[in-house]
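The structure's right below; bear with me while I get my questions together.
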Amino acid sequence: MIGEDDVRYVAKLARLHLEQDEMRRMTGELAKILAHIDKMSELDTAAVPPTAHVLDVVDVTRADRVEPGLPRAEALRNAPAVTDDSFRVPRMS
Amino acid sequence: MSAAAILQGKSGAWEPVIGLEVHVELDTATKMFCGCAVTKGDAPNMHTCPVCLAHPGALPVVNRRAVEYATRIALALNCTVRPRNVFHRKNYFYPDLPKAYQISQFDEPLALDGWFEYWSGGEKLRCRVNRVHMEEDAAKLVHAGGEAGRIAGSEYSVVDFNRGGTPLIEIVSEPDILSPAAARDFLQQLRDLVIELGVSECTMEEGQVRWDANISVRPAGSAGLGTRTELKNMNSFRYLQQALESELPRQVDVLEAGGMIDQETLHFDPTTGTTTPLRSKEEAHDYRYFPEPDLVPLVMDPAWVEEVRAGLPELPGARIARLSEQYGLSRADAVVLGGAGVLARFYEEVVARGVDAKLAANWTMGEYLAHLNAAGLEPGHGHVTAERLAALVRLVAEGTVSTSAAKDVFAKMIAERAEPAAIVETHGLGQISDGAKLEAVVADVVAGNPAQVEQYRGGKPQVIGFLVGQVMTATGGRANPKLVNELLRKTLDG
Amino acid sequence: MGALDTLRLTAREAKKLLVDGEVSAAELTKAYLDQIAAVEDRVHAYILVTADNAAKYSTKVDREMQAMRGPLAGLPIAIKDNMVTEGVTTTCASRILGNYMPVYTATAVRQLWDDHVVMLGKTNLDEFAMGSSTENSSVQTTRNPWDLATVPGGSSGGSAAAVAAGEALWALGSDTGGSIRQPAALCGIVGMKPTYGLVSRYGLIAFASSLDQIGPLTRSVYDCALLLRHIGGKDPRDTTSVESPEAVELPSAERLDGLRVGIPREYLAAGIEPGVRARFDATIARVEELGGTWVEVSLPHTEYALSAYYIIAPAEASANLARFDGVRYGHRAADADDLITMYERTRGEGFGAEVKRRIMIGTYALSAGYYDAYYGRAQRVRTLVRRDFDTVFEQVDLVASPTSPTVAFGVGSRTDDPLAMYMSDICTLPVNLAGLPAISIPCGLSGGLPVGFQLIGPAFSENRILDAAHALEAAIGFEPAPAFRDSSAGPEPGEGGSATVAAAGAPS
């Protein structure tokens, strides 16, 4: 059963900041949802192949030809912070 | 597998166990999953699109040529190309990873179970290859304000997405490498191979080849695997060797003191030449791999794979064997000449001009290689073309110039950017084979060295060497030594 | 020319008016803009109305009509705000997109631009298409024009409400677990999810990559086919898109002779409201009247489909939404000194509760040690769900069911219980798991609120579905238009209890 520690770990993995009350509520909600989802474990699926793609399509590739991309101004236009024509992020230290 | 480098600890002997994960950036025209150009050295963010910037709604499309190049590598490493392969998402957050997942391959990769034969310390070694798979490179992340561009102490970082999405091939070895020297040789020769395959220039400075090293030690002669540490993202052979020479004894010390090795990532500091654990805020990554739903499986048509195999250039192993047989070279010589395609090509061009194969081999391995080393040139480049070297070798074979004089000719040919025959002419380096001239000199030497003549006639035939030397000195090293020998004997014996 | 009845006009009729010169493109567009002005403050279907552009472009279409004679030229459309439109902000009804200005246009939408449609604006949705009521929008709650105290369904609630309210001639939506069909049912219009792969997903902001499809919301089945014809096709930018083996045809069938319809017993057991059931049964009776036959079938793994869906969709979504990290576009938390804090606060601030829930479930399901139990197992259950359909389609031509177990529910009535909300999709989400096409058409009212009838077909059977739906639509003769009642304001005079359109002889 999923507990607050699990929720904290998962929130960290997902880079999601949750307030204390959010954390608590989330734990309850996730527990309930996961309990329902657990219905699946009733089934013996060992011999069933997984469906990763509903399409019966394979081998779709493209030729190695350059296509016009974005002018730099367009690439940067939505950037929250720009320095030296690059996307700036806060310190990683 | 032998030639483990033994580490002598306080309590006994240990051997290193090294595995390498090598990343190679391909020289395709476009990125792995979009049509942006793969470039080097351009201004930041000049080659991007919604796909490689991971804009909402953008989707990847596989670059066919990248698959071909990856297959070449897999085949050259004797791998089994799996009939079907699938891409997976490898999920983690980092500014150089715009989707916050890398499209890579997981449990259904391109190829498995190969090997790579390489030479180290005069021995042929084999390292098993666990897998070869395809993925995309991250963008370029630069840290500002810290020391030497490191994260520690930095104030902010900036991302340039030009490189992001470049096709990257990952080659994973088994932990079969047993010494720092072997690790270096493995990497250098693997790099040579990849270059020969025509899939990447593997420029070290551009970081087109990078590797992680997994390092552990075990009691010498034992079989198991100890806990390993990881050196990540290296692109210098020298630093790797230094790092290994620092880390391996450290592990031995820890184990001998009764401690345990922590499985951790290390950072190599070139200024101190030592490795330290990276103090990372992250726990071990939980990558949450799952099959990439935006891409469909790749089915590797066996006929196509055979076409790729047929199109491979001659690989080092086969070439060495062929040179040995075709030109009557010793194994050792064939290894030197055949290890890299560019040198082998040069050598064969020299021989093709009608020169004795063994003589050509000696000159190529000797003067020519030394010259390449000193001048920092690749085979086939520079003033010493196959044509010119062949011409020089021919002059030696014909006796026009002595071997020692020919070395002088070689050096002057380069310095003056002239033809060998012209150098011989201009500098009067031609071998004197005129019997009459030499007879005169011989007569002089015999007359001038009565003591040695006495010794020779008295039963010390080796003294002739001294007399030959005197003739050579008198002729400025240009006398035909064989003729001098004959004439001396005739004079002394007769 | 009299005033255009935007509540009833179909694209087919509008095209005829344009071609016959009875109305200009500018007038046509103006009629919808006027309706938007009249009712938007009650319906809240649009996040952004691009009135000026629409007016200008429709005028241009008039001027160049000779050159722009295509079948869609001049027809005004609303686009769900999870499809990127270059030059027009796209929000996905989420704060995390901030002021994102797309740098390219979704392929399906680009195809419509090339056909000279007029975009009226971007419609509201549940944030990142996650929801069944449009209440998860960070912008506003859209109201159902049939009863403004109820939801229009979701996630394409804005598009559905806009069409139903006469605020758009037709609209594009997206469907991952029923997000076109369910709102279409709740709003009394037609909605179709094509076979997976028929319409390019390039430019559709991804929710669950293996389930998402773009599709039409229209006032008639004919309109639905017409729109579908123009948005599909294999797109080199979408590896998972395919060319349909046969072109989508404009339906003309009037009978259903020889059509075998299967009714899955598991869908009827899924808590269907009596009023909905009654309408459904009545519609099945019509199928028979038109020469079709029906038989009960079984899709035995239906009850597990919900579990599988609520692992697969959040898992894929958790990865698809990871790119919203404040680095390259969208919202970035202010005053975040270091990267990790920036990531966590940006995403904590930017995503709403339902999105966070699904990211958490998805991340958990994929995390170390849980893959096999959750995601791995769900993918296998998915195979079983597909096989169920494959087996049934050996017996019957189409599968029929109510689209939604209930009619439109009250705003706020399910928001406290995510699981209850998830149950709205029980009849629709197995279709996405199997990648099959399905349509919802209005089949009557229950308590004054519309009921939807769903037809599901094998892969690439769009024409079979559209023909059957077309014939049935005519036989049903669903006439009413929404009256913009508001039941929270008390009952209208003369109204009492549920006013159901009576039907004769329904099978039970």
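Order of writing sets the chain letters: A, B and C. Residues in each chain are counted from 1.
By our rule, a contact is a pair of C-beta atoms (placed from the backbone, for glycine too) under 8 Å apart; a residue touches a chain by one contact, two chains touch by 3 or more.
All figures in this text were calculated on a predicted structure; none of them were measured in a lab.
With centres computed from Cα atoms alone, the innermost chain of the structure is A. Between the chains A-C lie more C-beta contact pairs than between any other two chains.
Centre-to-centre separation of subunit A and subunit B, using mean CA positions: 41 Å.
Taking the mean of the C-alpha atoms as each chain's centre, subunit A and subunit C sit 24 Å apart. Put simply, the C-alpha centre of subunit B and that of subunit C have 59 angstrom between them. Counting only residues that touch two or more partner chains, subunit A has 13, 15, 52-53, 55, 57, 60, 62, 70, 75, 87, 89-93.
Among the residues of subunit B, those in touch with two or more other chains are 50, 53, 61-62, 93, 95, 157, 159, 286, 288, 293, 295-296.
Across the assembly, subunit C contributes 100, 103, 210, 236, 239-240, 322, 325, 327-329, 339-340, 343, 363, 367 as residues in contact with two or more other chains. Listed in rising order, the residues of subunit A touching subunit C in the complex are 2, 6-7, 9-11, 13-19, 22, 26, 29-30, 32-34, 36-43, 45, 48-55, 57, 60, 62, 70, 74-75, 77-81, 87, 89-93. Subunit A meets subunit B in the complex at residues 13, 15, 52-53, 55, 57-67, 69-70, 72, 75-76, 83-93. Every residue of subunit C that touches subunit A in the complex is listed here, in rising order: 99-101, 103, 196-197, 210, 236, 239-240, 242, 301, 303-304, 306-308, 310-311, 318, 322, 325-332, 336-345, 347-349, 351, 353, 356-357, 359-361, 363-364, 367, 373-374, 376-384, 386, 418-419, 422, 433-435.
Partner subunit A is touched in their complex by these residues of subunit B: 28-30, 34-37, 43-50, 53, 61-67, 84, 86, 93, 95, 142-146, 151-161, 286, 288, 291, 293, 295-299. By the touch criterion stated above, subunit B contacts subunit C in their complex at residues 50, 53-62, 89, 91, 93, 95, 98-101, 157, 159, 281, 286, 288-290, 293-296.
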